[in-house]
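See below for the structure under consideration.
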């Protein structure tokens, strides 16, 4: 085994963490302005009263905004690549959780089962919506 | 025993230790919010009733709070820039501004929005929508408050040019809290 | 001896001042001291958990008996005892000892640095852990007593007082578990960051000892899986105390949601405790058989494979619990697939023995018995993973025997292996071999006598969490009762052998012969430090020149080649 | 295996479930014994002997690695075999809901800590006045397809009939349907297999499997009572 392989891993001689490599700082105010515009769009979206548009302006824009923040403010693109993988992996795990749990929790019927109480409870809540007060104390004995 | 160990100064993973650790914090926070919001979405998608309940949330306040957080994120990253330039006092000033954003956010939430809703009878136990609403926003707000406290601890030291790298670390965390709100906002306020 | 290019700028005030008792033992930021704190706390909890096992096993075998040292075990007490037993053994024994104690002790020493990267966070993590212990113990004494709804805390039983469980006990239980999670999140971040960033100069990815890899992967699994359950714990606390209805079907919640949140964490959790134990075993096997680890990289890949797969199998705990039957098919597939990386891992360790020169001393006996017994636990998992068979086996003693055949090797055998192996390094003294072997044989024989019979009982249909079987004529057949009694008597035997260990441990701690630096002729870095290592571990931090498993390398007169030796 | 331990197979699918169990048993027993045999042989063969040093085997060569990769593909094959039968039996018991002209419906209602069984009376329809309600005792007719509907009034319970190899959690807020066909007469345990509070151990019931005639007699005897009490109400 050659010892040269090991030499490169000797590490940076730095003693003060983080000061030998400076992040490139872009024009943050511009990014902020874009974010604010996007915010306005996402608030305005529902006024068109088209559900698809609302969904897109709400969640599509949320994804874009998050991307802008993560890339420009958190500088994920200059961090080592594994950071991106790490974040992506945790998000994947959450998707997995959703996929595994949704067939039971999100559905009200399935193969050989149904959830009458769940449906009833939500219908009841729908009917007396607005008069929501007073339910809280009844729940807890 | 005040000197930090040599271990802390090493960077075999190609990143300063503090920043690496904050990324791990963020990863483990993602799954906390992921579990909660995942559950919320499951409930949300299966009940039309949720849309009705959500109609009672105040979009304008949500939007204002989003604006507040976005702006505070801007200050956080400007603080980071100042810290990188070695300008402690300026970094501290931006940290205080960021913290101010957090305070305004929490003030609006706890001082106006929630009392208002509770007065209207929408409490955490009214129904599952409101339970999720208060729980998710509450856990998020707890993160905001924690961030503010940490910034108030860091800023005075940064002002004297000590531990300037911490300005970046708290900034990373703060941006993450911001991103969580970016998703909470449409989930709780817009999709009606 | 290694001469590292990195010099120690601050020798941590050696000689400047002598730390007082509190500073040294209770308020220390030294990773070795924190490791010992975790270990002794875990040991105390193991004794409590073992004592609980004794009380309820007595009740199962001899219903209505006045258990010596405890008294009568009534229905509710029985449920409290098993709940606390399960939770303590997993969260307050296996986790602190295997992850926190060994992780804290070994990571800095094995990667050649002077401490954890965040010593104060480390101290805080232990303190929060200790707080969780206090909250848990407090819950035994509040009105209504401890939580009695099983360690899985399934709602709505656990969330509504009207169903007969003490509400305060339930709340404290959830709080204790949540605090413990927070402590281990902090610890995990520390472990992962340290192992990633603070390796000795020259230590590349593939020069890291397996046990460090395993502890790091385990910490990552923990961090990535516990989130939903932390959220779930908050939701459960609100359900219990604020009248929300996340899990309450009458008001639009769903009890199955909790089960998903719980097992999404719960299954990775079993690998979280498995991996460090496997790592400990791997170290011992290579050292004691003077062999290079067989296919080091394969071990890593199987570890990663296990880690990723462990996130895809969780609902195998819920086959019968009312999930959609179609989903069960998917989870059966993933569950059976996970046998492959784990089988491969076991095969690798067995292959490592080939061509060795095996010394059967106490640590090696423990390590080998880990493999021999864990295999039984592993293959019985396949019965349960096969959905068709789980219809019958779910919640019987077969499941119970399965997971004791995995947990006991991990949490008890693995711990004993690690403790006997690193004892010289931890305390600078050697343990007694004869006593060690007596303890080993007594424990291992008794262990098999306890749990093999329980497989039979499970196959005969005996269910878990039942304090008295007299209502079930089919289970009251004398043959079955005798089997239960046999298991309990074996437990008594096993517990009595623990006295040998405790004596050996305490005696060696103060009176054992002084240990040399490297009693086992091992390669890894911790053995180049003094026994026990001083604060800061080495006067000059080591540099690494090769992998950790260079044993019996041809062309050398010694049969080992420490990682820090240049030639 | 199960009948050898002393649990009879009293439902149409009990033998199938036992088959999966036996299959897994023999496969894993084979692997377990093989692995343990190799393991102990190696320990014995390579025990420390004076003058015999350890060998330097890295395990990275293809010729060496074969020793672990081949077994691992073999394990995969066996896994697939287990999977096939496991899923097949699972489908039969849990996913499929066979229909028959004269199937019997049973409502099983669990609560802390008792089982209530509601069956149609002579009119053959459920939820009518002549339903027969029994407590902690389920009377069924041999060789007849039964659909059960599980409901819970409070917490989780689990409807477990070991001789049928049947087990299903009962979830409040849900109705879960399943089926069984008893194939022998007798009198067996029903257990609750999910912790449900203090009385979890005190929640036994009996399943009484009767011949056609016995069952008819039982029904005749009880339906009058049910009708009588229903009219009295």
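Going in written order, the chains are labelled A, B, C and D, and every chain counts its residues from 1.
Here is the rule we use: a residue touches a chain if its C-beta (ideal position, glycine included) is under 8 Å from a C-beta of that chain, and two chains touch if they have at least 3 such contacts.
Here the structure is a predicted model, which means the values were calculated and not measured.
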- Between A-B and A-C, more contacting C-beta pairs sit at A-B
- When the mean CA coordinate of each chain is compared with the mean CA coordinate of the whole protein, which chain is closest? C
- Express in whole angstrom the distance between the two chain centres, defined as the mean CA positions of chain A and chain B. 13
- Item | Computed distance of Cα centres, chain D from chain C, in Å | 31
- Note on the structure: Taking each chain's centre as the mean of its CA atoms, chain A sits from chain D at a distance in Å of 41
- Query: In chain D, which residues are in touch with two or more of the other chains?
  - Reply: 94-95, 172-174, 176
- In chain B, which residues are in touch with two or more of the other chains? 8, 10-13, 15, 17, 24, 27-28, 30-31, 34-35, 38-39, 42-43, 47, 124-125, 127-128
- Note on the structure: Shared-interface residues of chain C (touching two or more other chains) are 9, 199, 203, 224-225, 228, 242-245, 249-252, 254, 256-257, 261, 264, 322, 325-326
- Query: Tell me, which parts of chain A touch chain D in their complex?
  - Reply: 111-118
- The chain A residues in contact with chain C across the complex are 1, 3, 5-7, 9-11, 15, 89-90, 93, 96-97, 100-101, 103-105, 107, 110-113, 115, 117-118, 121-122, 125, 136-137, 139-141
- Note on the structure: Note: in the complex, chain B contacts chain C through residues 1, 3-8, 10-13, 15, 17, 20-21, 24-25, 27-36, 38-39, 42-43, 47, 124-125, 127-128, 131-132, 135, 139
- Inside the complex, what are the residues of chain D that reach chain C? 1-2, 5-7, 16-18, 20-21, 24-25, 27-28, 31-32, 35-36, 38-40, 42-43, 46-49, 52-60, 64-65, 67-68, 71-72, 75-76, 79, 82-83, 85-91, 93-95, 112, 154-156, 158, 160, 162-163, 165-174, 176, 188-189, 191, 193-202, 204
- Can you check the complex and tell me which residues of chain D touch chain A? 94-95, 97, 172-178
